[in-house]
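Both complexes below contain chain A, partnered by chain B and then by chain C.
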Partner chain A sequence: MLEIANLQAYYETSHILHDISLSLADGAGVAIVGRNGMGKSTLLKSVMGAGPRVTGTIRLDGRELRGLAPFKRCRMGISLVPEDRRIYPHLTVAENIALAGHAKSETGKPYSVEEILDFFPLLKKLALRKGFQLSGGEQQLAAVARAVLPRPRFLLLDEPTEGLAPLIVDSMGEEIRAIRHREKMGLLLAEQNVDFARHCTDHLVVLDVGRIVFSGSWAEFDGNPEIRERHLSL
Partner chain B sequence: MSRGQNTSSTTSAANAAILAAALVFATLPLWADKGLVFLAGIVMVQIVFAVSFNLMFGLTGLVSFGQAAFFAAGAYTAAWLGRAVPELPFLIFCLAGGLVGALLALLIGVVALRRASGIYFAILTLALGQLVYTLIGKSDALGREDGLVGIKRPVIDLFVGTLDLSIGDRYYYFLLVACGILLGLLWWVWHGQLGRLLAALRQDAERIRFFGVNVRRYREIAFIISGGVTALAGALVAPWSQIITPAIAHWSYSALPILFCLLGGASRFWGPAVGAIVFAGLEYATRTMVGVSELIVGGALLVVVLAMPGGIVGTLSLLARKLTKNGKERLNEQSA
Partner chain C sequence: MVGDFLLVGLNGMTWAMAVFLVAAGLTLIFGILHILNFSHGGFVMIGAYLTYTLINQTSGPTGIFVFLAVAVLCAAVVGVLGYVIDRTVFERLKAVDDSYSLIATYAMLILCEGGVKLVWGPDFIALPPPAGLDGALLLGDLFIPSYSLFVILSGIVVFLVLDFWIHRTRSGKVMQSVALDPWMANVLGININAMFTTAVVAGFALAGLAGGLLAPNQSLSPGLGGTYIIQAFGVIIVGGIGNVRGAFIAALVLGMIDAFGTVYVPEYPGIFFYIAVAGILMYRPQGLLSGIR
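This part shows the complex of A and B:
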């Protein structure tokens, strides 16, 4: 269980997130939807402890994460794929994935690289390709695969579909959904692509200027078209 | 940094150069005068000093401006112990020197690594290094500003018999072996698992944080190894120069390994070694030109830093890569 309560986040003196409360059961999928600059990335980084100054509580199974270094949160089972992917250009896909298995983990034995490649069939053909030889989409897929390897309890993805070809987006959606259900891995997904987000998650929250303006299931979201109108359309 | 087959010739050229340099150092007492032999001994120690510093600088990406503090800690510990308890074996003094250096690195690291980013770390290490300099200069037991003089070259016990290192060039050969062992150790760290982790940390600390790596601890470990080996180099130099003064703790002495790294190339293991040798060569060649010497050395440094961003070794390997590439293309054209 990942619980975020009364979270405020700041960069320097700018107040970015206002009073965010959100909880994710094990294996649950929640999308954070909103336009650019509304605080989606900041929310994920706050959970990881990577950047913004934060007040409020962030608990994993009742244990307070706030104040813990990012590497400790990672060991406890939070995996973040940042927007810029950060694949090692001179290592192969398999090596990039294997790297994430070196850290200590409190969530059990990491998956083997072979298992991970089975999760992402597209990567299987690319296993021996070096990072710099990959397209943006393939890099993104490799970054997601790398984040899954240590068997996280909650996977945090920051706009994984941004700038990717539709074909890759579709297959990535399938794979993430399958892993979530089969491995009971929680997913917190910051995304602007509503269709992709709908495919991967059951619930969503809509952020507008740092505040949650809607929280509910996708069916409820569809039942309130004015939300989409007011907070998501440009 | 791809290591394809086409770079094997450059690798063997580099190995040949290393071997040649080792051979020159090993045979030096046979053909060079005493002054040059003394200088070569100092250069060997400075190579260890610079390569161990580069573990922090080139590999881990942290600029420490207080490395001389560790060098002095090792030198003073060994020299002081040699006076206080002369009956103990010399190797114990060396190890104690290294240990004190490592402990000092641990202490300075705990404070300075709180701010590992750029200028903060540089200034904190500079300040703490100057603190060590001041403490040595004010300590009666360490000879205040005059330092410790008349440090004896030791007699070491080799189980099968004793070896008096004060005779002839014996201490030079002892230095050669000891520096070789220390460089071997550093080479192993640099190219092993720890070295790769430190390189990954330099490239992107955030990324490996997200993999669950305790970045602060590994920076601390790198600092301790770097400080410890630098202190061992300091411990070795004391009986060679037979006098040590607080000058070896001064910040200007901390600047030496930085210069060697920039001159030789910080991204390669042997870069600082090349830098130390070239620097000593420049100084030696211009030693009689009073006043002009510094100008020439400084000018040469300026040229290298501005014109060769990868240092001497970086530029050479770039050239070699271009040459082999051209050669290959020419071969292909001929066969086509």
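This part shows the complex of A and C:
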């Protein structure tokens, strides 16, 4: 269980997130939707401890995470795929993925690189290609694959569909769903692509200028078209 | 004529490998922490003085293996000093402006010089090469000091070991990744502070090793640290700062230019080093190679 309560996040003196509370049961999928600059990335980075200054509580199974370095949170079972992917250009796809297994994990034995490549068949033929030789979509897939390697309990994905071709978006959606269900992996997905988010998660929260303005299931969201109108349309 | 040519080349090569030994740890630490450690020469000097003291503890003539063992021991001691400095000084430099690291590491160089004066005194000290390296090889009519060959070989071995570690081993690749994008490495579960500390300890151990291996090459004095650091800086800047391969190539290029320059214009010994550094940087301000390699 991942619980976030009364979370405030700041960059320098700017107050980015206001009083965020949400919880994610094991295996649950929650999408964070909202327009650009509403604090979606900041929320994921706050959970990882990788950027903003944060107050409030972030607990994993009741253990307080605040104050722990990102590498410790990763070893406790939280994986983050950042918006800019950050695939290492000097390493091959296989080496990039293997890098995540370097950390001793508390969540059990990490997957082998071979198992991961089986989950993401598109990456199989790219395994020996260097990071700098990949297209944006390939980098995104590799970044997701890398985050899954340590067998995280909660996967945090930051706008994985941004700039990707529809075909790759579809296949990535299928792979994420499949891994989630097989591994009972929780997913916190920051996304502007509502269809993709709906495909991968069961619940959603809508962020507007750093505050949660809606929280509920996708059916409830569909029952309140004014939410979409007011907070998501451009 | 050919003999003279070879001899000059050999001198250039000896200089190059001596400076590379000093520069290796400096460029490694910069490549990973982005801290330019002015005190590096000071720790090379401490390695040299420690070697002097330890060798004088042994009775009778020192053989090559004892000499090598002493140099490795000095590397370990200076590596431990590196650990202490990482915890007390470098740790605090990560979050502040670069100018602070220049001031802090320069202050450490002054401390090294003061410490050496306190322990070993201000006078010049000489350490003869160990038995087996105090002679010369006769190659045709070419007279080659065996200690020069030893320095050349040491430089090449240190380069090959470092290069293999960075490019071929898992821990070397992790180190490269930490250098390139520490934020992502941290998010991927890598304890980046432990990696930084490892790099500092390795860099300082290289300084201690260089000091030990080069101790018989010159007279030891408290000003030695400053002398080393200028040449080493030239080499790592021309090589592409942070890049071990670049430092190795730059040391060879600068060593040869300086050696041959000094032969043809003997009035200004050493000036060709500076001319070459300035000249190369005019055309390649980023250095010959870049990034940690």
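By definition in this document, the second predicted complex is superposed on the first by the 234 of 234 C-alpha atoms of A that agree within 3 Å, B and C clash if a C-alpha of one lies under 4 Å from a C-alpha of the other, contacts with A are read in each partner's own complex, and residues count from 1 in each chain.
The working rule: a contact is a pair of C-beta atoms (placed from the backbone, for glycine too) under 8 Å apart; a residue touches a chain by one contact, two chains touch by 3 or more.
Remember, it's a predicted structure, so these values are computed and weren't measured experimentally.
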item	value
Clash or fit (per the criteria above) of chain B with chain C on chain A	clash
Touched partner set for A:Met48, first chain B, second chain C, both or neither	both
Which superposed partner A:Glu95 touches (first chain B, second chain C, both, neither)	second
Which of chain B and chain C A:Arg63 touches, first, second, both or neither	neither
First, second, both or neither for A:Arg86, with chain B first and chain C second	both
First (chain B), second (chain C), both or neither touched by A:Arg75	both
Chain B versus chain C as contact partner of A:Lys109, first or second or both or neither	neither
Common interface positions of chain A, toward chain B and toward chain C	48, 50, 69-71, 74-75, 80, 82, 86, 88, 90, 99-100, 102-103, 105, 150
Sites on chain A touched by chain B in the complex	48, 50, 69-72, 74-75, 79-80, 82, 86, 88, 90, 99-100, 102-105, 147, 150
Parts of chain A lying in touch with chain C, wherever the complex brings them together	48, 50, 69-71, 74-75, 80, 82, 86, 88-91, 95, 99-100, 102-103, 105, 146, 150
Residues of chain C touching chain A in the complex	170, 173-174, 176-177, 180-181, 183-193, 291
Contact set on chain B toward chain A in their complex	1-2, 200, 203-204, 206-207, 209-216
